[in-house]
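Should a chain be cited, it is by its letter among A, B and C, assigned in written order, with residues numbered from 1 in that chain.
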């Protein structure tokens, strides 16, 4: 589409303003991690690096980060398997209730988190509790996986729709078994979609607080829960800012990596 | 792997190839078990419990059918008000996100160079990793009396302060990436050649936008709106941080599940957002939005 | 994968059973309804055995510190080493959350405030405590022992942890003259409209009831936690009127400190520790115990009726009220300790004075949070009082 010069400038300006809108609060988090005031008085009247030192020594935060990564990896792994399976079923087969299946996959993310949270919580208590399995990290993984399936499903589905089945048929005609076809033909085709879906799933799990609140067992503290517990105590709140600032900086890494891996293919597929 | 697959594996493979029903069952069984049994089952139990009551003294759930909860829900004015307020907030957030996201996504997908496109996507994705709570609290500081927003607008008290307006702003901020990403993905799939063809055939930019871009845009926007709408509808934390004295439907659910341990009444309130979201999903499904998430 | 599948199948079977026949409802507990209020019969622990290796704790933030927050703040590691009981802590944000968590049956001990304790006792969720097995119990302030919120008929249901009052805080640069009464937060013509704050919980209704108790003798309120229909309605009406004046309700203290510093709030309820923090951060604030007295809280460590680790629970309860640990918590959290001997052990020697720990006259004026029950806690038998569920629903209506 040939846009007039003013239109291009207007779009560019909107983009710039949008980025300012997105990044000013994040910048404030970074600035406040050096703010000497315990409840982030504005403007800051004195500066300190004591919060960074305290955060570095804070074992609770590190432990929580580890728990979050574990929960995120677990949920992402389940979501990858289940999401891919549903995507294949929906894209490669015609069957009764196909539309309902896609609606079902979306439901856990479309319904408010508090509903998902209390539903899983009370079901877990009345069913798993009777089996003697209390809530723990596993229940968090189950809860997160439930709403993470959709991100993998959508990415894989879109990829399958674009690629078609020609290559797989050719592979089968040439004598490859189903596993070989999957390993050498199908998987490389959907790899970047899996990566994108998995990354989003991990991000969703990583920052999830509402469902986690209701599904975490005793002693299970994910990073958002840790932040929740500490943000509301003035002695601890500045340390939370440090942790958040570190997360923002660190998060560039996985996103950038994913973009690099998914990048060339995404570019090539635009015909 | 150069080895030829051994007999049984090959046989199983061709058997499956000849029986697509079995293959389908293989693909669907695990996910459906998970979603239908674990998730829908849990939801069903929750909805059933909306018809139960709680013994005021012991806090034990009385598992006998009763419409008491729904009677309270419909007869007390406050629940209607809160529902309408929550709907208003969710709608406002969705519209604001849409207005900001469409031009941004369009710029990213169609105007920016492929190289800067990568960086822009990273720039949009990065904030998703910063904790939701920390971002909401950062806004509390921004909107404080005499805080940065006030100073920008000329002095203490000039900003919106804490309240519903602040809630809408902060929720829009938090969910904006969820709106940008599906729209960007949709537009990115739209071939440039199609736009050029439209221009070659003499269509002006406005016409091209209406006839070529808009049909792609609409399902993507709906897809994004599922996120912004539902996330806003269920939120109870942001409103506690910047909402002043306002309460939304999520707060009522949260208050009742904890307070007096009234899970049945909480479940009854929860049916309201569930119903709204199911209607919303069914409505936008026709546009193809569910495939654009 | 296989084990995962069978788990899901088991889950399926369970959900279907539950949905199908509605379950059997479990225990029915003791009597219910006014007049028939009895406490479920649960035996206290007779003798202390060997520790079970762990204990699951529900606590307020700051009550269970193992050095992971701040290396110097640690009264858990030593306990774990000494007793072999690993402490698994879950922080609860509100009293209501504590009750829900204890009902899950996954936890052994809880630091319940008075607005939760009776619910737990009458719900059969906690057991009476054999104080003979808790060596440090003898050093607890008498003002905290065998009170309405932690005992029934002389049987202790827990060990007192600490206490504090819900004070009135104001900014000295804006609020003049300095208030002496709660009337300033209820005055419809208040010049501070939109800058008044109040505690965000149904239990705040008691603050209004306390004010009415002193200002409207016609209502004959004798205990702010025992309100019949008329009295309750009067308190609710007062709070609805107050809602017009409120800028925001607070429930966590970062929020309140920040609001008072920025000036979003200039007047409202507070805790001593919040005032100390706000003042330390340079905001001109003062807090008082108004002439009407105040509501307050006293937390109690209680043990679950079906505790899986009863011995470790007792060991924990004894440890947490030991002079050293109790002093540590009181200072870290900012409250008055429950153990007499703790005052000598605080790092800040003025801590007990600041928090009025030994000042029984001060705490005489405090009405500690108590769970409202339908059977009036003030002893009236001719009327039914509003129970906590009613308070909760009214709180929703007050906030609008």
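Assume a contact is a pair of C-beta atoms (placed from the backbone, for glycine too) under 8 Å apart; a residue touches a chain by one contact, two chains touch by 3 or more.
Everything quoted here is computed from the prediction, not taken from an experiment.
If the chains shown are joined wherever they touch, the resulting network links each chain directly to all the rest. Note on interfaces A-B and B-C: more C-beta pairs are in contact across A-B. The distance from the centre of chain B to the centre of chain C, with each centre set as the mean of the Cα atoms, comes to 35 Å.
Chain A and chain B have Cα centroids separated by 14 Å. Counting partner chains per residue, chain B shows two or more touched chains at residues 30, 34, 38, 41-42, 45, 137, 141, 144, 146-147, 257.
Residues of chain A in contact with two or more other chains: 40, 42, 123, 126, 228, 231, 237.
Counting partner chains per residue, chain C has residues 11, 15, 18, 23, 254-255, 258, 262 touching two or more of them. Those residues of chain B whose C-beta lies close enough to touch chain C in the complex are 30, 33-34, 37-38, 41-42, 44-45, 48, 54-63, 72, 76, 78-79, 81-82, 137, 140-141, 144-147, 156, 161-162, 240-241, 243-245, 247, 252, 255-262.
Residues 10-11, 14-15, 18, 23, 56-57, 61-62, 67-71, 88-91, 93, 104-107, 252-255, 257-258, 261-262, 277, 280-282 of chain C are the ones that touch chain A when the two sit in their complex. Those residues of chain B lying in contact with chain A across their complex are 1, 5, 9-10, 13, 16-17, 20, 23-24, 27-28, 30-32, 34-36, 38-43, 45-46, 49, 100, 103-104, 106-108, 110-112, 114, 118, 120-135, 137-139, 141-142, 144, 146-148, 173, 176-177, 185, 188-189, 191-193, 195-196, 198-199, 205, 208-209, 212-213, 226-227, 230-231, 233-237, 250, 253-254, 257, 263, 266-267, 270, 273-274, 277, 280-281, 285, 290-293.
Taken together, the chain A residues at the contact with chain C in this complex read 37-42, 54, 57-60, 63, 123, 125-131, 134-135, 216-219, 228-237.
By the touch rule above, chain A contacts chain B in their complex via residues 1-4, 7-8, 10-12, 14-15, 18-19, 21-26, 28-29, 32, 40, 42, 81-83, 85-86, 88-89, 93, 95, 99, 101-116, 118-120, 122-124, 126, 142, 145-146, 149-151, 154, 157-158, 172, 177-180, 183-184, 203, 206-207, 209-210, 223-224, 227-228, 231, 237, 240-241, 243-244, 247-248, 250-252, 255-256, 259, 263, 266-267, 270-271.
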